[in-house]
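Shared chain: subunit A. Partners: subunit B in the first complex, subunit C in the second.
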Partner chain A sequence: MKKKYPHDVVSSSGNIGSAAENPMLSVEDLKVYFPVETGFLSRRREYVYAVDGVSFDLKKGETLGIVGESGCGKTTTGMAVLNLEQPTSGRVVFKGQDITDFRKLSTETQLQLRKEMQVIFQDPYSSLNPRTSLDKILEEPMKVHGLYPSPGERRDRVAYLLERVGLTPSQGKRYPHSFSGGQRQRIGIARSLALNPSMIVGDEPVSALDVSIQAQIINLLIDLQSEFDLSYVLIAHDLAVVEHISDRIAVMYLGRIVETAPYDRLFVNPLHPYTQALMSAIPVPDPKARKNRIVLTGDVPSPRHPPSGCAFHPRCPERLAECSESAPGLLHKGQAHHVACHLVR
Partner chain B sequence: MDNWVKKIRKRTNLVAGTIVFLIIVFVAVFAPYLAPTHPWDDADLMISELPPSGEYLFGTDSKGRDILSRVIYGSRISLSVGVISQLINSVIGIVFGLTAGYFGRLWDDIVVAVANIMLSIPSLIFALAVMALLGPGLINVFIALGLTNWAYTCRITRSQVLGTKNQNYVKAAKAMGFGRCRVMFLHILPNIFGPILVMASLGMADAILMEASLSFLGLGTQPPVPSWGGMLAGAREQLFTAPWLSIFPGLAIFITVLGLNLLGDGLRDLLDPHMSETK
Partner chain C sequence: MQPAKTVLNIDSLFTEFNTIDGTARAVNDVTFDVKRGEILGIVGESGSGKSVTALSIMRLIRPPGSIRRGRIEFFGRDLMGLSGDEMKDVRGNRISMIFQEPMTSLHPLFTIGLQISEMYIKHMGLSKKEAWEHAIEMLEKVQIPSPEKRVKDYPHQMSGGMRQRVMIAMALSCNPELLIADEPTTALDVTIQAQVIDLMWQLEKEYSTAIMMITHDLGVIAEIAQRVIVMYAGEIVEEAEVNQLFEQPKHPYTRALLEAIPKLGRRTRMGRKPLQEIKGIVPGLYNLPAGCNFYPRCPEARPDCRLSDISLIDLGIRGRVRCPYYQGAKA
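Right, the complex of A and B next:
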C-alpha cells in the first residue's frame, strides 16, 4: 500500500511561510466549561473544565493534528471552533472575523461561515441521516446555500463528489444503511466538500475504521487537500494516524495544549514527558526493536476537579516540587516548537 | 423484500389489526352501498324492536330502523372522529414535543409543565368541559378530542428528540447552516416517526371510545345521525327486553378498538429496533 508522506503535502499546498502573518483560523485562550448540577436536595453547581485555555493558529493550506487521550477536550475544541459548542470565554477568529459570539452575527454571515467550515465525524454510522438517500444528503446543502442553482448542475456536482471520494454516481439513489463503514466515511467526506469549504475539522475521522481503510481515507484527505485548497484540523487519539498528514501537531492533556511543534520536530525531539510517553506507545513494525516504553500509571484525572498546578503532575514520572503549585505556560523553544513544562526552560 | 414478508408474517397482531382497520375503512367508505336501508329515513314504527332475523340481520330499534344499517353508517362517525381528532392531537403534540425537545431551556419547562397538567386531568372530564363550552355536534367532538390527548404524543416526541438531537447527522446539519425548522422537521422528525405512528394508532382507538362516551352522554353526534355510542345510549332502557339494540353497536366499538390496539402493538413491534434485533 502506498502511503503518502507529509512532505508531499507541504510542497503541494504551496508556500506556508508567507501566510504566517494572517492565519486562517486563530484560537485564543479558548475555554469551554459545562455546568453540571450535583447534589440531591441542595443543588451545587460544578463545572467540567472540558477546554481550559487553548490557543493555536491554523494557516491556509495547513494541517494541524490535535492528539490526546479521550476526555482531554480535543473534540470539544473542534466543536467550539465550528460553533457547535458555545465557548465559555476566549476568542475564535476565522479569516480575520471574530466568530466567538456566533449567534450574534447576522444570518447571512452565519450562513457564509457555515459554508466555509465543515466537519467530518468519527462515527460513520451516526453521522448520516438514515432516512435520506445519498443524492439528497449531498444536494441538500447546495440547495440551502443556493450553490449550483439548476438541478442539472447539482446532479453533475453530486456525481463528481461521489466519484471523487471513490463511489459511483449510480449509488446515489441508495440509503446509508446499505454502505460499509469505510464507504460511509467517504460519504461524510463528500458531504463536507459539497459546499466548497476552506477549512474542515475532522473529529477522529478514521478512528472507527479498519487499519487498511484508515490509510485509504487518510490518503483521500491528503489528495483532497491540494485539490480543494483545504485547511484541516484533525483530531485523533492516535499519533500514528496524524503523523502521516499533519504539518503541525498539538498535544492536549486535560483541556490544555501541553506541546505543539511541526510534526518532524515533535517526533524527533518530544520535550514534554506526556508527549514522550505517547511517542513510546506508538507500535513499531519490527519485532526485534527494543523500545523504552514509558507506561503512565493511573487515569486521566476528572476534568471536574483538575489537579493543581500542572494538570499532568500526578502521573508525571519526572515531576518537580513546583509542578503541583504553579501551572507552566507555553514556552517557545525555537522552530515553532512550544511546550508547557517546568522541566523545560 | 423477502425479509419484509417474513417479518410481517410473524406479526399476527399487525396482520389482524390491519385487516380489521381496512374492513372498517371499507365499510365506512361504501356505507351507502352496503347498508340495506337508509339509517334514519326508513323508520317504520310497525317493525320496531324486531329481533335479528333473515330480513333484519341485526334486528330493528325502537323506532323501527334497521340496526345493521345504523351500525354500518356509525362506522363513518367513529372512523372520522378517530382519524381527524388524532390528526389534531398528533400535530399539536409533534409541534410542541419537537420544539420543546430541540430548544430546551424555558420553553421545554413550560411545555412539559402544561403536558403534565393535561395528563393529570381525566381526559373524559376535560373533553366534557370543552364540549360544554362549544356545544354538542360532530365538529366540536373533533376539536374537543383533538385538544385532549396531545400530551401523550408530545411526551413521546420530546423524549425521542432528546435522544436524536445529539446524533452526529443533526450536528452535521447544523454545521452546514441548515435552519432550525429544516433540522427539526426534515432531519429529526422522519427518524422518530415510528413511535409517533404507534401512538397515533393507539390514540385513534382512544378517541373512538371517547366519542362513544360523549355520544352516550348526549354531547356527541346528535340524532338522528347514528353513532355507536349514541345507539348504546338510546338502547339503555331496552337492555333486557331487546338486548340486540346494544349488543351490535357495542360489538362494533369493541372490534374496532381492539383492531386499532392490535395495529398499534404490531407497529410497535415492527418499528422498535430493539424488538427487531432479536430474531
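Right, the complex of A and C next:
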C-alpha cells in the first residue's frame, strides 16, 4: 500500500497531543448522535448526544487510554474510530487519509483499513462464534484478506499466534465453549493480531476477567505492543488498569473529553474536579488508606438531555456561576496536559 | 462496647451441584461466624463459592444443587431444620439479601413504594397506609431525593445507583439482624459505588446490623470490612482481620492476588513493572486437584502439597489459613 502522509492533516485546531509528527490516528471534533423518536402523537425527534465534540491524536506505538463512567461515550468514540458507528460530524483521519465516511471509500481501501485497525471486545463469551473452531476463527480473516495464501502458511501463522498469546497449537481444533474467560480473551487477542494490524482498539478488554487472569492479559497486551509495533486505543473504566498500560489518558464525561494528560501528569496533578472525584472514588486495596473521599452527589445525567454549560456542573463540588452558562473549552496547561474547566485558567 | 454476640454460625457446610458432568463441589467444608455489628468481607474470584455460600444461608439453593451437610445456626437455631414457612419468616425479616443486579431483583410492574410496603405488610402486619409511610421514610434514609415523589416510580424510571438504594431500603426495612450483600456495587460506576459504600457504612453504624459483604474487589473489602474471609475453589483459604490481611497476607493465594492488582499511582511513583501473574486458571469444580486446590498455580508449591488435603490451621487471634507453609509459619 502507498502510505502517503499529506501535510495538511497535522492538527492545527488545538488538537490534543504532540503535533510534531504525523499522528497515526487523528480525531477532530467527532460527534455521534443517535436519533430517538419520542411522543405518542407528535413524533418529536430527539437525540442522544453520545459523543459531542471529541478530538485527539494517537501516535505510532502509543497507547491512549480513554476512561469514564458508563454512558460517557467512550465506547462510541472507539466504535466511531473503527467506523462501526457512523460519525454524525467531525473527522477521523487514519495514516493521513480521511476515513470519516467509510461508504465513500473504495472497497479496496475499506478492506485495507479493516486489516489495519482491529478491535478486542469486552465480553469474551459473546464475541466468538460458538460453532467455529479456533483454527477457523483465526484463519478466516486471513482468507478474506488474501494474506498467507497457502493452507500451510496459514496453519503456521495460526500456530504462531496461538503460541504467542499463551495457548498451544493443539488447542486450535477446539471450540470456544471449552475455554475459560481468560483463555477466550487470549483468542480474541490472537484474532485481532491475525492480520498484522497497526492499531488496535480495546473496548474494556480486561474488565470481565478475574483479578488473577486480568494481570496475565494486561502483561500480554503490553508485551505484544512492542513486539508487533502496535498503537492502542484502550477504553476502560478502571483507572488503575489505564494508568498501568497507557502513555496518555483522556477522561470523558457525557460525550466530551474533560481532561487529558500523560499518565504521570494526570495522577500527580489532576486538574478537573471530575478527574479528582473519579480518582478519589476508587477503592484502594489498603485499609490504612481509608480516606476522605470526594463523594459526588447525584447520578450521571442522561446524554439525551445534557445539562447546559459544563455538563459536569450539577454534580461539581466547586462550580461557579458561569459553569451553567457556558461550556469550557479544552485549555492547554503545558506538557501536553489539557483541561476543560472554568476553574482552571 | 458490649461483648460481640454471634449472629450466624456456619459449621462444616457442603453445597454441591449434581449435573450430567458430575458433581461440582461449590462449597466445601466452610466454617465461619458473623458477629453482631461487624462487617465481614468475603472475597474470591468467580467460582470460589462465595455466592453459593450466601444462597445456602438463605436456603435458596435450587436443584440440581443441594446442601449436603452442615449446620447454619442463626442465633443458635439451625436454619436447616426450619420448614418452608418458617424460613420465609426469616428471609427478608431477620436475614435479608442484596443482589448484584438491581434491575433484575426489582419487579418491573410494581412501583417501588408498593414493593417496599410489602415487606412491612407481610412481616410486620402493618396496614397499607402505614406501610406506605414507612416506605417513604426508608427511601429518605437511603438518601433518595424527594422520596415522597420517587416512591411512586417504577424501577425503570430510576438509575442503577438509585435502584440499588431501593434494594438497600427494602433489605433494611424490617431491621434485620443480618444483611448479606452479594457484589452490591459491582454493576455500578465508581462514583456511584462510593455513594453506596458510604451509605452502607452509615446504616451499619445506625442499625448495628451485621453485614456479610461478598465481593471480588479487594479495594471494596479494604474500604468496608473489619474481618475478611478469602475463598478459593469452594474453600476458605484464609481468614484475618482486615489490616492483617493486607499487611501480612499469609496464604500464597492471598499474597498473589494482592500482587496481581494494578494499584492506582504505582506506575507514576515507581515506574512500570510487569504485574505479578497467577499462572494457569481456576480449577474446575468437577475435578479439583488432589491435595491443595491452589497447588497447580502456587508459586511456592512443594511436592507434598498434593499428597493429602490441607486443613485450615487456626492461628487464634491471627485468623485461619489453609497452608502449612504459610508466610510466618515456623520453619
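We adopt the following convention: the second predicted complex is superposed on the first by the 324 of 345 C-alpha atoms of A that agree within 3 Å, B and C clash if a C-alpha of one lies under 4 Å from a C-alpha of the other, contacts with A are read in each partner's own complex, and residues count from 1 in each chain.
Quick note on the criterion: contacts are C-beta pairs under 8 Å (C-beta built on N, C-alpha and C of every residue); 3 or more make two chains touch, one makes a residue touch a chain.
What you are looking at is a predicted structure, and each value in this text was computed from that prediction instead of being measured.
Once the two complexes are overlaid through subunit A, subunit B and subunit C fit side by side, free of any clash as defined at the top of the document. Look at A:69: by the touch rule set out above, it reaches subunit C but stays clear of subunit B. Touched residues of subunit A, counted separately for subunit B and subunit C, are more numerous for C.
Using the contact criterion defined above for the overlaid structures, shared-chain residue A:183 touches subunit C, although it does not reach subunit B.
In the superposed model, A:121 lies in contact with subunit B only, and not with subunit C. Contact with neither subunit B nor subunit C is seen for A:139 once the two complexes are overlaid on the shared chain.
After overlaying the two complexes on the shared chain, residue contacts for A:84 are found with subunit B alone; subunit C is out of touch.
Of the two partner chains, subunit B is the only one touched by A:111; subunit C is not. Shared-chain residue A:216: touches subunit C; no touch with subunit B.
In the superposition on chain A, A:259 makes contact with neither subunit B nor subunit C.
Superposition on the common chain A brings subunit B within a closest Cα-Cα distance of 6 Å of subunit C. The residues of subunit A shared by its contacts with subunit B and with subunit C come to none at all.
Chain contact summary for the complex, subunit A toward subunit C: residues 69-70, 180-183, 210-216, 218-219, 222, 237-241, 243-244, 263-264, 267-268, 277-290, 293, 295-300. For subunit C in complex with subunit A, the touching residues are 45-46, 145, 159, 161-162, 189-195, 197-198, 216-223, 242-243, 246, 256-258, 260-268, 272, 274-279, 281-282, 297. Across the interface of their complex, subunit B is touched by residues 79, 82, 84, 110-111, 113-115, 117-119, 121, 123, 126-131, 140-141, 144-145, 188, 191, 194-195 of subunit A.
Looking at the complex, you find that subunit B touches subunit A at residues 167-169, 171-179, 182, 187, 190-191.
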